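Below you'll find a set of structures to go through.
First subunit A sits with subunit B, and in the next complex the same chain sits with subunit C.
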Partner chain A sequence: MRRILPALVALLVGLVVLLDYFLENPVLDALGSFLLEGAIILAAFALLLGLWNLLLVHERKVRRRERGWPASIVILLSTLGGLAVGLAGWRSGALDWFYRYVLFPLEASTGALLAFVVVSAAVRLWRLGSLEGTVMLVVGAIVLAGTLLPQGGALGVLTPLREWIVSVPALAAVRGILLGVALGIMATGLRVLLWIDRPYE
Partner chain B sequence: MIFCQACGTTNREGSRFCNQCGARLSETADIACPRCGAPNAPDAPHCQKCGLDLARGRNDVWEGPLPRVEVPEEGTPEAPEQPRRRPEGVPLRRRPHGLPPWLDSAEQPEEASSELEAGALLPGEGELALERDEGEWSGEAIPIEPVVGVPYRARERPEQPPTPEEQKAADLFAAVSAEDVFASLQPGAEEEQSERAGRPETWLRVLVALTLLVAVIVPVLLRGGPLSAEGSVPAPVAAAARAIQQVPPGATVLVAFEYDAGLAGDLQPVAEAVIGEFLSRDLHILTVSTQPEGAALAEMALERVLRARGDAGARSRVVNLGYLTGGQAAIRALAVSIPSVIRSDWEGRPLAGNPAVAGLGGAGTLPLVVVLGRDLLAVQAWIEQLGAPFNTPLVAGVPALVEPALVPYQTAGRLQGVVGGLAGAAAFERLAGRPGVGVRSLAAVRAGAWAAGLLAITANIGFALGRLLRRRGP
Partner chain C sequence: MDLLRLLWETTSITPEGLTALAGLLAFAALILALTLRASRVGPFAVRPLAAAERVRGVLGRAMETGEPLHVALGIGGIGDVSTADTLAGLSLVSFLADRGALAEVPVRVRLAQPTALVGAIAVLQRGAEVTGYPEAYEPTQAAFVAPVPLAYAAGTAEALRLEPPAANAMVGAFGAEVLLPAQAGREQPQMVQVGGTSDPSTLPLLFAMTEAPLLGEEVYALGAAFGRADHTGSLAAQDVFRALVAFGIVLGAVLALVIA
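Coming up: the complex of A and B.
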C-alpha cells in the first residue's frame, strides 16, 4: 500500500492536470485550479523545508568540524542574518537595502564573469586546434561585432551576416534541441503516468 | 585517480603503491561503494547498484576508510548479500514529528559519532543503517549534503561504456579544462617566454590596463557620441514595439521578472524601456516573479522609471505582485485567475479595491504579457503555461546570448517580439523616441568592445613582429 498509494495519487493528479490542459470542462477546470493552488502552497512549504535542511546540514558540519566548516559558518550567518533582516525590517526598508547593496552587487559581479568565462573557453578550444573551437570563435566574434559595433561603412556587412547566422544555422540547431527536449519531456511524462518511473518513491 | 582499498586515499593515475599507507594499488580492482558496498570500477562515476555519486568520493568528500569488498572469482558462486543491520548498541532514533530522518539527523546518537570518529562507519553510514532498519525511508536520500534523491531508473541501469563520440567530447573537454590560456604570460613557462625574460608580461599588463581605462573614459567623455550611432532596428525588436502599440490605452498588462541580479545589467534596461513605454501609453502594469529576487528587481525598475518621469500619479497604475512560489504551476494558476492566487501586493497591501486589478480574471485574458527571462527555460515556461493554452500575446526580453534560442518561437507565432539585451533595449528606446539607460549602456559596451578588439589586434601584430625580428636576427 505504501508503494501503491503515492503512485495512485501521482497518476490521478497528473491525469487531471493533463486533461484540464486539453479539455474545456468546468469540473476539470475547478479541480485543476485547486491542484495548482495546492502545488503553489506545497512549493512554499518546500522552500521552508529546504531552508530548515540547509541550516541543519551546515550546523552539523560546524559541530563536527567537517571539511569546509568555516564556509558553513558564513552560510549560517548570512542565512540567519538575511532572515532576521527580512522579518524585522519588512516595513523599514532594511530588506530592500540588503537586496540593493549586498545581494545585487555580489551577484552582478559574479554574473559579469560570464563573458570572460565564455571568451576564455572559446580561446582554449581554439588553441587546441579543434575545428569546432575555431568555428565557435569566429562565429562568436561575428555575432558580437554585428551586435555591438556601430554599423557604418565596411562594418555594414556584419549585421546581415549576424542575422543570417542567427536565423539559419543557429535556428536549425535550436529547433533540433527544442524538438529533442520536447520529446524527452513527453517520454518522461508518459513514463511517470504509466507507472514506469516513480521519482516520488 | 585510484582509490586505495586499504585506507581510502586517492592516488594519481598510474600509481602502483598508495601514497598514504604504501599498500599495492591495482587499477583494475573493483572499489567498494561507500553506501551499499557494491563493487565498482575505479573510474565509475556512479555506483552500479545504488547510484551513489562516486566521483564525489574521488574528490575526497568521503572521509574515512572505504570498506574492503571481497570480489568473488569468476565461476564461484556469490555469497548471499547480508542485510545491513543497525550497529549494536546504537539506539533507534525516534521521530515524534513524523519527519524524515534527514531532518532530525543533527541529533546523532553519541555511539554513532564515536564509531564514526573511530573509522568504523563512514559519514552518514550510521544514519543510513538506522533509516533502513526503521523502514520508513528508502535510504535514497543521502544525509550528507545536500539531500539528493537517486533517480529511480539509475539504480537498475548497468554502467554503459561511452560511445566514441562521447569519449571524444569528454577528451576535448578535459583538454580544454587543462589548457592554460595565460601560459604565455607566465615568465619562463616555455622556452619562448624565457627568451623574453618577463618583458612581455609588463607591457602586456600595461596595455590591458590602458585599454580598460580607455573603455571606461571614452563613453563618459563622449556622452555617447559616435558610439551611440543609430543602427538598424532588429526585426524582433520592431515586432515587440508593434505588439505593445496594439494594446488599447487603459488596459492592464503583466510584466514577469524572471531573472536575478546576475543578469540585471543586461535586463534592467529592457525592463525600464518597456515599463516606460507602458506608462506613456496610460496602461496599468502588474509585475510578478517566480524568482525570489525578481520582485525586488521589479521594484527597482519601477522606481527608476517613475523617478525619471517625475509623475507621482503614475504609481497608482502600477502594482508589484511580488514573488510567487510554485514555478510553472504558479504561472498556470496565475493564467487562470490572478485574484485567487495573489491577494496582496509586494508590500502586503490587499489587492481588493486597487484600480489596476479591478475586474481582472486570469493573466491569460490580458492583452499582453512581457516576460523578462534569464534563459530559454524561463520564457518557455510562460509560453507553455500561458501563451499557448490561452492564446495570450507574449513579448520576451532576454539577454543577448539567449536571443537566438527564441527565434523558433517567434517564427511559430508564439512570441510577438523579442528584445535582446542591451542592443535590443537601445533599439527599443530609439523606436519609442526616449533614449535612456539602454542607449547609454550600449555606448559603454561598444567602447569596451572596440578597446578589446584593438587590444587583440595590437597584441597580435606586436607578437608577430617580435617573432619575425627574432628569426631575422643573428
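Coming up: the complex of A and C.
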C-alpha cells in the first residue's frame, strides 16, 4: 500500500493535468487549476524544509569547527536576522533597503566575475588544442568582434558574417539540440506517468 | 452514466490539440512497448557516455582516499519548467547514493530549490536503506544553498574549495552562473569534473570547463548509461521519434522546393 498509493495519486494527478492541457472542459479546467494551486502551496511548505536544512547544515559546521565555519556564523546570523526583520517589521521597508543596498549590489559584483571566468574558459579551450574547441573559440571571436567593433573598411565583412553564423549554423544546431531535449523531457514525464520511474517513492 | 455523457458533451478539443495528443499517445505507447521489450529480452545497446564512465571510474579512488563525491543539482526544482533536468540530476544522485552507501563514500548534493531538496533527501535515504546501510544517510548530505542563481553558484564554489571532492558533477538546470563552481573545480587538479544541462546557451560553458560534458538530450540518458534497463526502452523510443521528425523535416523541405 505504501508503494501503490503514491503511484496511483501521481498517475491520476498527472493524467488530469495533462488532459486539462489538451481538452476544453469546465470540470477538467477547475480540477486542473485546483491541483496546480495545490502544487504551489506544497512547494511553499518545501521552502520551510529548505530553511530548516540551511540552519542544520551550518549549525553543524559551526559545532564541529569544520573548515570555513566563521562564514557559517555569518550565514546563520543573516538568515535568522532576515527572518526576524521579515516577520516583525515587514511594513517598515527594512527588507526592501536590505535587498536594494546589500543583496543586489553583491549579486551584481558576483555576476561581474563571470566575465573573467569566460576569458579563463576561452584560454583553456585554446590550450586544449582540440578541433571542436578551436572552432568554438574562432566562431566566438568572430561573433564578438562583429557585435562590438565599429564596422567599416576591412571590418565591414564581420557584420554579415556574424549574421550568417547566428542565423544559419548556430540556429540549426540549437534547433537540433532543442528537438532532442523536447523528446527527452517528454520521455522523462511519460516514464513517471507510465509507472516506469517512481521518484516519489 | 449520465455524468459521463455530460462530461463527453461538454468536452471539446482543437485540431492542433488533437494532433498533439495523438502524437503524445503514440510516443507513450512506443515507450511502453520498448520498455517491456527491454525488461523481457534485455536492454538496448547504449552508446557509452564519457561523463558516466568518468564518474564510475572515480568511485574506486574515492573509496581509497575517503574523499566525498559532489553533485550540483543546479537552480531548477521539481514542479517547474526544469523538472526533467532536475530528475536527470537525481538519477545520478541515485546511482551515487547506492554505490556510496556500499563503499562508504560520502555523497554531497547542493541545490537551489527546496522542491529539489525533497527529491534529493528521498533518493539519498532510499539509497542507504536499499543497500542495507541506513546509517550511511546523514540529513546534511543534501544542502540547500540559496534560491538565487548567483548566490547558489558562489556558495557551491566555496564549498568545493573548502572540501574538495574526488568528483564534481554538475547536472541539472544551469545558466551562466555555472562558471563559478566550474572554475572552483578547475582549481583542484585531481578533481574529476563533469557537467550536463539542456540549455543550449549554457552548453558552450560546460564544454569549456568540464572534462566530459553531457550535451542537451544526453542528460536524460544518464539513467540508461548507469545500467537501468527500463530507461533504455524510452531512449530507443526517443531515437525512433527523432528519426521520424528528421524525416518529416527533410520531406517538408524537399516538397517546399518542388512546389516553389
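We adopt the following convention: the second predicted complex is superposed on the first by the 192 of 201 C-alpha atoms of A that agree within 3 Å, B and C clash if a C-alpha of one lies under 4 Å from a C-alpha of the other, contacts with A are read in each partner's own complex, and residues count from 1 in each chain.
Criterion: contacts are C-beta pairs under 8 Å (C-beta built on N, C-alpha and C of every residue); 3 or more make two chains touch, one makes a residue touch a chain.
Predicted model only: the values in this text are computed from it and were never measured.
Subunit A superposed: clash or fit between subunit B and subunit C?
clash
Once the shared chain is lined up, is A:Val85 touching subunit B (first), subunit C (second), both, or neither of them?
Touch partners of A:Val85: none, neither subunit B nor subunit C.
Pick one for A:Ala39: touches subunit B only (first), subunit C only (second), both, or neither.
Both partners, subunit B and subunit C.
I'd like to know which partner A:Ala112 touches here: subunit B for first, subunit C for second, both or neither.
In the superposition, A:Ala112 touches subunit B alone.
Using the touch definition from the top, say if A:Leu125 reaches subunit B (first), subunit C (second), both or neither.
Both partners, subunit B and subunit C.
Determine, under the contact definition given at the top, whether A:Asp96 touches first (subunit B), second (subunit C), both, or neither.
Only subunit B is touched by A:Asp96; subunit C is not.
Once the structures are superposed on A, label A:Val174 by its partner contacts, choosing first (subunit B), second (subunit C), both or neither.
both
Does subunit B (first) or subunit C (second) touch A:Ala187, or do both, or does neither?
second
Need the overlap of the two footprints on subunit A, from subunit B and from subunit C, as residue ranges.
Common to the two interfaces on subunit A: residues 39, 43, 47, 49, 53-54, 56-57, 60, 66-67, 107, 110-111, 114, 120-121, 124-125, 132-133, 174, 178, 197, 199, 201.
In the complex, go through subunit C and note every residue touching subunit A.
Contacts found on subunit C: 7, 10-14, 17-18, 20-21, 24, 27-28, 31-32, 35, 77-79, 83-84, 87-88, 90, 113-115, 117-119, 122-123, 126, 139-140, 142-145, 147-148, 150-151, 153-154, 158, 162-163, 176-177, 179-180, 182-183, 186, 198, 200, 203-205, 207-209, 215-217, 219-221, 223, 230-231, 233-235, 237-238, 241-242, 245.
Would you mind writing out the residues of subunit A in touch with subunit C in their complex?
18, 22-28, 39, 43, 46-51, 53-54, 56-57, 60, 66-68, 71, 107, 110-111, 113-114, 117-118, 120-122, 124-125, 132-133, 136, 140, 173-174, 177-181, 183-194, 196-197, 199-201
Given the complex with subunit A, which residues does subunit B contribute to the contact?
Touch list, subunit B to subunit A: 60-61, 63, 102-106, 108, 113, 123, 138, 140, 144-147, 149, 151-153, 172, 175-176, 179, 181, 226-227, 229, 231-232, 234, 260-265, 293, 296-297, 299-300, 324-327, 329-330, 332-333, 336-337, 340-341, 348, 389, 400, 403-405, 407-408, 411, 421, 423, 442, 445-446, 449-450, 453.
Would you tell me which residues of subunit A are touching subunit B in their complex?
21, 29, 32-33, 36-37, 39-40, 42-44, 47, 49, 52-54, 56-61, 63-64, 66-67, 90, 96, 99-100, 103-108, 110-112, 114, 120-121, 123-125, 127-128, 130, 132-133, 144-145, 147-152, 159, 163, 166-167, 170-171, 174-175, 178, 197-199, 201
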